Amino acid sequence: MTVPIKSTLDPEQQRITGEALRGAVVDLIDLSLIAKQAHWNVVGTNFRSVHLALDELVTAAREFTDSAAERATAIGVSPDGRAATVAKEAGGLGFPDGWQQDTDVINAIVDNLATVIGRLRERIDATEKADPVTQDLFIEIAARLEQLHWMWQAQLTTA
Amino acid sequence: MTVPIKSTLDPEQQRITGEALRGAVVDLIDLSLIAKQAHWNVVGTNFRSVHLALDELVTAAREFTDSAAERATAIGVSPDGRAATVAKEAGGLGFPDGWQQDTDVINAIVDNLATVIGRLRERIDATEKADPVTQDLFIEIAARLEQLHWMWQAQLTTA
Amino acid sequence: MTVPIKSTLDPEQQRITGEALRGAVVDLIDLSLIAKQAHWNVVGTNFRSVHLALDELVTAAREFTDSAAERATAIGVSPDGRAATVAKEAGGLGFPDGWQQDTDVINAIVDNLATVIGRLRERIDATEKADPVTQDLFIEIAARLEQLHWMWQAQLTTA
Amino acid sequence: MTVPIKSTLDPEQQRITGEALRGAVVDLIDLSLIAKQAHWNVVGTNFRSVHLALDELVTAAREFTDSAAERATAIGVSPDGRAATVAKEAGGLGFPDGWQQDTDVINAIVDNLATVIGRLRERIDATEKADPVTQDLFIEIAARLEQLHWMWQAQLTTA
Amino acid sequence: MTVPIKSTLDPEQQRITGEALRGAVVDLIDLSLIAKQAHWNVVGTNFRSVHLALDELVTAAREFTDSAAERATAIGVSPDGRAATVAKEAGGLGFPDGWQQDTDVINAIVDNLATVIGRLRERIDATEKADPVTQDLFIEIAARLEQLHWMWQAQLTTA
Amino acid sequence: MTVPIKSTLDPEQQRITGEALRGAVVDLIDLSLIAKQAHWNVVGTNFRSVHLALDELVTAAREFTDSAAERATAIGVSPDGRAATVAKEAGGLGFPDGWQQDTDVINAIVDNLATVIGRLRERIDATEKADPVTQDLFIEIAARLEQLHWMWQAQLTTA
Amino acid sequence: MTVPIKSTLDPEQQRITGEALRGAVVDLIDLSLIAKQAHWNVVGTNFRSVHLALDELVTAAREFTDSAAERATAIGVSPDGRAATVAKEAGGLGFPDGWQQDTDVINAIVDNLATVIGRLRERIDATEKADPVTQDLFIEIAARLEQLHWMWQAQLTTA
Amino acid sequence: MTVPIKSTLDPEQQRITGEALRGAVVDLIDLSLIAKQAHWNVVGTNFRSVHLALDELVTAAREFTDSAAERATAIGVSPDGRAATVAKEAGGLGFPDGWQQDTDVINAIVDNLATVIGRLRERIDATEKADPVTQDLFIEIAARLEQLHWMWQAQLTTA
Amino acid sequence: MTVPIKSTLDPEQQRITGEALRGAVVDLIDLSLIAKQAHWNVVGTNFRSVHLALDELVTAAREFTDSAAERATAIGVSPDGRAATVAKEAGGLGFPDGWQQDTDVINAIVDNLATVIGRLRERIDATEKADPVTQDLFIEIAARLEQLHWMWQAQLTTA
Amino acid sequence: MTVPIKSTLDPEQQRITGEALRGAVVDLIDLSLIAKQAHWNVVGTNFRSVHLALDELVTAAREFTDSAAERATAIGVSPDGRAATVAKEAGGLGFPDGWQQDTDVINAIVDNLATVIGRLRERIDATEKADPVTQDLFIEIAARLEQLHWMWQAQLTTA
Amino acid sequence: MTVPIKSTLDPEQQRITGEALRGAVVDLIDLSLIAKQAHWNVVGTNFRSVHLALDELVTAAREFTDSAAERATAIGVSPDGRAATVAKEAGGLGFPDGWQQDTDVINAIVDNLATVIGRLRERIDATEKADPVTQDLFIEIAARLEQLHWMWQAQLTTA
Amino acid sequence: MTVPIKSTLDPEQQRITGEALRGAVVDLIDLSLIAKQAHWNVVGTNFRSVHLALDELVTAAREFTDSAAERATAIGVSPDGRAATVAKEAGGLGFPDGWQQDTDVINAIVDNLATVIGRLRERIDATEKADPVTQDLFIEIAARLEQLHWMWQAQLTTA
């Protein structure tokens, strides 16, 4: 099969950027599935707050998935977001099965966010030279995920 | 761990209905990931029509996933929609990797829809006695997926 | 000509359900044309109420026509809503030509609704075994038409 | 029965204008039923485009029907849009039954539009003296139908 | 005082068109004040229908007033819509003071509409040569007022 | 049980104002239930107008109930809007059971409104010194109920 | 008094269905008044979540009340939702007077929901033969109330 | 003619309040006609600002007219807003005919507003005892007109 | 190349109308580019008013461009709105480069509008016989441009 | 500098009212800055509820600031809402720096609200004679702040 | 003429950035005119998809034109978007006159996009040091145009 | 007190970035208070334009304040936006008390904007290495403030 979408990047820029974007797509789908899983299985006195906040996280993760995947196509790289690929390659920390206490949910989300942000910051560095357009997208995603990281932490901590 | 959500069904009704709902959740998440994968990787003269129609399918699949998962919680059964579970248990036919011709995409979507609908019709029968509320939800999902099944077929056939 | 849309029903289920749906399409188009005819030709002190209420009936009838016709396509049956077919096969009671007094309009609408509902209740029975998805659609249509049947009657009667 | 709505036109103006409006009502209802019929029965690779474009045509035809019928009432002439009247008097070319290939649908719509526009242009001439208000409505309808005539043709032709 | 707005019409066209527009402004303000007066003072079993329909008439009359007055300015003619001018020059039939029975209100509105439409039809003729742009506006106003004329009549009459 | 919400009023002001607000809450819930009862049970030629007007009254009564109840909480007084309390303490005139003629409905609503307004005017006097904030709320409620009182009367009377 | 609304059900179907619907109307009004009572009187650290969630319950209960009452009218049965009727016949568990701790509110709502759902499930069985249209409405109400039942429980329990 | 709308005020309260409201209706209609007149006839470098600000004044004046007139009806007093009444009884300062310089327009609006506000402040005093509900409406109108009075002045003055 | 879109006009009507429409397209694109140029380059104390008013002109010019171009296609004539064509054939007066004083901008816009309107009035005459549908579009465009012509003049002049 | 805005109040009324309004402006800006400060710095298990509720308070405080300041201008008094003025003259209790526990935030907001409300109630008394229009604004502000005072307290207390 | 807008950049930064922005303005206007030209002149089986997609491109190009031109003004550089300037300086590949086949249109748009993107990438490099604010705008434009570049390519290619 | 929010930056990056963000928060609050102060106190012939433009500046400044403050929290730094802090640390030029002439207001806003932009450009440099996410936010703020800087200048200058 020939490559049907021509890139405006040179082959090396395309290789680096494409790898970063494909990795981000997988991490973000995993994050959205974890957040939905938590949305359904959370119990505890803060159920309502956590249940609603998880759907905001799902919305953010889904929008960023689409942005990253369509950026990959825009540089001529096919994204892969199928369940098996996500199950095998996602860098997150996962989520236990069954009903979960609200405080456990908050801890799990904070840790998963920290992991995804860490990997994203590496990709910001990796794409600085290769493609400033993609780097700009990663910066935007990091800004929002770090805001959510604060908000989820704020529910756990004491001043 | 104790079971935190009490059901208004008896244990046997709950077992049958819960199994049907957990299966539907997995099939529908898989369908939404396949449709997104196709949305990004389709090429060909009908790119725009197919690209847009796939997002309508994603929206439908996501809304039905949420309805089925929240119906499971409503009868005291924990749903499981994590990537690894979906990768292992989904009943769909999958989707090849890389760029795909528009006609191949249409065929793949028609076949995946037919498979998911077939499994859903079995669940409509299975829940008739066990829980008419859940059966009603499956009927609603089937109605919409069969409508989409026609629309995707209509793009392939000749009168 | 080959049949281009494959059904998820078996041939006998398809035959029964298809016949019921094609009949409903014709009845509902006829009802929408009668209601529009009345909308334009009504006169009398209750003109404004009746004129507006008729447009609500038109809207309902048109939406249900589309639902029934697209359900037919979804099970592989071609719907027929052309003027000649409607003129020949509709089960309603018709509507006289020329200007009509408001009370006569109300009586004519109540009687047409009663007839269409009666035919619909037979189709609910006929499709119970053949296709619960179609039956569900007929139940939804009946619920709305019976609500309108009450509202139109309420304008006529004395407590 | 006495004529309940007084006209601001003289009897001859009213006769000419009323005849033109009653004819337009019938043609436009027929056009809307043909477009709906095609909307449901079209198949082929351009299914989605054609299916959507047909609903735009339905919307236009329905709005113009209402405008023409209410213009008739405004000049004291009772419009007649019942199924039997439409079946007998409409000037369109009709539409075959059963599933239809997308290219056949496009041809049929182009030809029906051309016929309706031709009759409308005659009515524009006929009402110039009799009633400039009605003529203005026919000009507005012709403008939109001719725009649609171009758009449907554009799908058929080669530059 | 010099005339500050230059016209794109010649002096004679401007004189004829300006006179027609100034007359229409006065008639339409008067109509809107009468309709508001009726809106407040109507009583009777059809209070609610008539009360609401009168506000639709007010809305229409106000929008047309603005269109006519701004068309006058556009051709360099100053419109005059002050209370004293309206009281002295309006061509309508007026409205009695105090509470009014709903049937009396309907009759008064039908008669005032007929008078205003009659004067408007003369202005359509008068501006045909002088300014087709202004004539087009008068045709649009007449179309809407004649539609309202039918609707108000329809509440009075028997078929 | 201790009183959990501190008031910014002194005890005597709080006692007078609290009593007035608790009475208003009960009257307004009763009014909303009566209006809904009438909304469902009205028959007669003015069915549609009365049916719709009753829902506007329900909306108004519900919003004022909420305002009065939340004003009570704001001054540290617990409101009581349970069915048994309303059944025992409401000052309205009640409503007969079963289907009701439209003219009877109008009379019943006018009389209930007059009663509720009378009690409200007493509360406006009672709270003038005790709490101008609460008085202001009662004035707002009276303004709207007196407007509705006129509109319902207007349907009954002859000029 | 004669019965003004004719039913499309036979007398026995009408009797069974009417009884079920009148019972549901009373239960749902009671539920909406209890939820409003709780909305105003709740205190505690989860005040805001509980306060908002109660208004969602009020909205749901009010909409279902209207659907059940209008379904009763549609089959020719007069619904009764007056305060005294609700106080005497509602099947819920009631709600204590005065300020209430948030956890007590949650328990009271969960128990009231369970009671109302239990009675509704009996009505689903009772109407299966008598009227599938009414049964479908009860299934829809049960689906939503069971979803809310889960959400309210989830705030109480530990995983 | 009998008085069809009963008042909740005693005859003396009704007389005082009715007189104040009828006067306000006339002043506010006059103000709205003056503002429209200015809207059309203003010229000068601040045309656009003044033209837009005048329409905000028209909107305010029209809404307050309706509130005052419907308050009159609510206390059983028939309002009179016909052109001749306004021309004869309005307390404003009028507006010259023909095109007007923007600064002259601003001065005329400021002076008209000051006059109307002055008369309104007298009505606030006059209705304090007679009807606090009407007084509250006058206070609301004064608040908005005084805000506009500042904004129009601000365009004239130097700091 | 063959002509792909058939016209409902005869060849001579098509030639006259097509020429008029192609000319209008070019004039209107030019007007929109001039208005945008002015929007960016205006300075002076009336900057904000002029800056905003210019964008309203851009919006109007763009919508009319589209209407005129699509009317050309509807009669089978290919429109040409490319930069080089506009630069060569537009009938406007142009606009100087660099920053411009607000009063100079107003003068330039008034003059360009007058020129475009003048050419449009010739096209209204030219198409009267050839195509009343196109003439109607030109009348609508002239009405709006003449309104804007007044508004822009009003900023310059003294009463 | 001369005073550029003339007042409709006499000098003494203006002095009293102006002082009250200037004080309210300062208190409300301070309240909005405190609420924003808390919005950013709150931590604890109720983070999400408190974070959202604080933004509602900010919105309320900002709107009332604008109302009070524009009321000052309307009576010819210049408001002063600069940072230094607020820091020096605000009557609130302030807010500590750095991260704050959610319960501490709630206590601080309740106390600040109580202080601002207390000062506002004094201003309601002070302006009763001087200017009922301003008093009405203060009553409206107090009504909303007292509602918020209850809601914030409700999160702290036990029944 | 003096330069009226002061820049926050130094002269050399301003020169480099201004040149890049002026070039982008011209390229983007040209692109929007080409896309409109294609929107009107496209024919072929994919007419509807291409016709709609072209308007999305027009919208994007117009918004970016405005952003780039207003960024130029923000750094004190006058933008030039007049027709003659665009015709002379635009870097795109142009577009043939007359009707165009849909596949030819797609090829022409892909090539024009590639050219504009190439020039934009040079401007991203050129402004990195001179003005990061402008560079950020170019990155945003490139991201969107490269997404469109993929979508237009996807219609052409085979997997 | 322990630091409750963990940062994804190292301590030195956090220190630099936190300082820059805290400074920006203070500058932006000050700017919003100055703009509101001017919004209330401006007088002169351009009152309306300036009054409206100031509210756009307030809106921008408030949104950026929130973005900067929440970015500080996201990196674990507590923002401080209390009145006393703003009064002491803001870098703007302040604003005089009392009524202000419109031209003076424009000059004061231009100068304050220039000062805030200058400090922001330093923060863009300071955070380039420390945190590209924060730098991106500063670039976005600068872009908008520089656009406003142009628009405010444009009102002052002569071409």
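Chains here go by letter, A, B, C, D, E, F, G, H, I, J, K and L, matching the order in which they are written, and residues are numbered from 1 within each.
Heads up, the rule we're going with is that contacts are C-beta pairs under 8 Å (C-beta built on N, C-alpha and C of every residue); 3 or more make two chains touch, one makes a residue touch a chain.
Labels paired with UniProt names: A, B, C, D, E, F, G, H, I, J, K, L = DNA starvation/stationary phase protection protein.
All of these numbers come straight from a predicted model, not from anything done at the bench.
Participant: Any chance you could check whether I-K or C-E wins on number of contacting C-beta pairs?
Facilitator: I-K
Participant: Have a look at A-L, A-B or B-K and name the one that copies the K-L interface, over half of its contact pairs being the same.
Facilitator: A-L
Participant: Between subunit B and subunit F, what distance separates the C-alpha centroids? Give it in angstrom.
Facilitator: 49
Participant: Where the CA atoms of subunit C average out and where those of subunit L average out, how many Å apart are those spots?
Facilitator: Whole-Å distance between the two chain centres: 63.
Participant: Can you tell me which residues of subunit L touch two or more of the remaining chains?
Facilitator: 1, 4-5, 41, 43, 46, 49, 70, 73, 98-99, 136, 153-154, 157-159
Participant: For this structure, give each pair of chains that are touching.
Facilitator: A-B, A-G, A-J, A-K, A-L, B-C, B-D, B-G, B-K, C-D, C-E, C-F, C-G, D-E, D-I, D-K, E-F, E-H, E-I, F-G, F-H, F-J, G-J, H-I, H-J, H-L, I-K, I-L, J-L, K-L
Participant: Quick check on the complex: what are the subunit G residues that touch subunit C?
Facilitator: Going through subunit G, the ones touching subunit C are 1-2, 4-6, 8, 70-71, 73-76, 132-133, 136-137.
Participant: Under the definition above, what is the set of subunit G residues touching subunit J in their complex?
Facilitator: It is residues 41-49, 51, 98-101, 104 of subunit G that touch subunit J.
Participant: Mind listing the subunit F positions that touch subunit H in their complex?
Facilitator: 114, 117-118, 121, 124, 136, 139-140, 142-143, 146-147, 149-150, 153-154, 157-159
Participant: Can you list the residues on subunit C that touch subunit F in the complex?
Facilitator: Where subunit C meets subunit F, its residues are 46, 49-50, 52-53, 103, 151, 153-159.
Participant: Sort out for me which residues of subunit A touch subunit B in the complex.
Facilitator: Where subunit A meets subunit B, its residues are 1, 3-5, 29-30, 33-34, 36-37, 40-41, 43, 65-66, 69-70, 72-73, 78-84, 86-88, 90, 94-95, 97-99.
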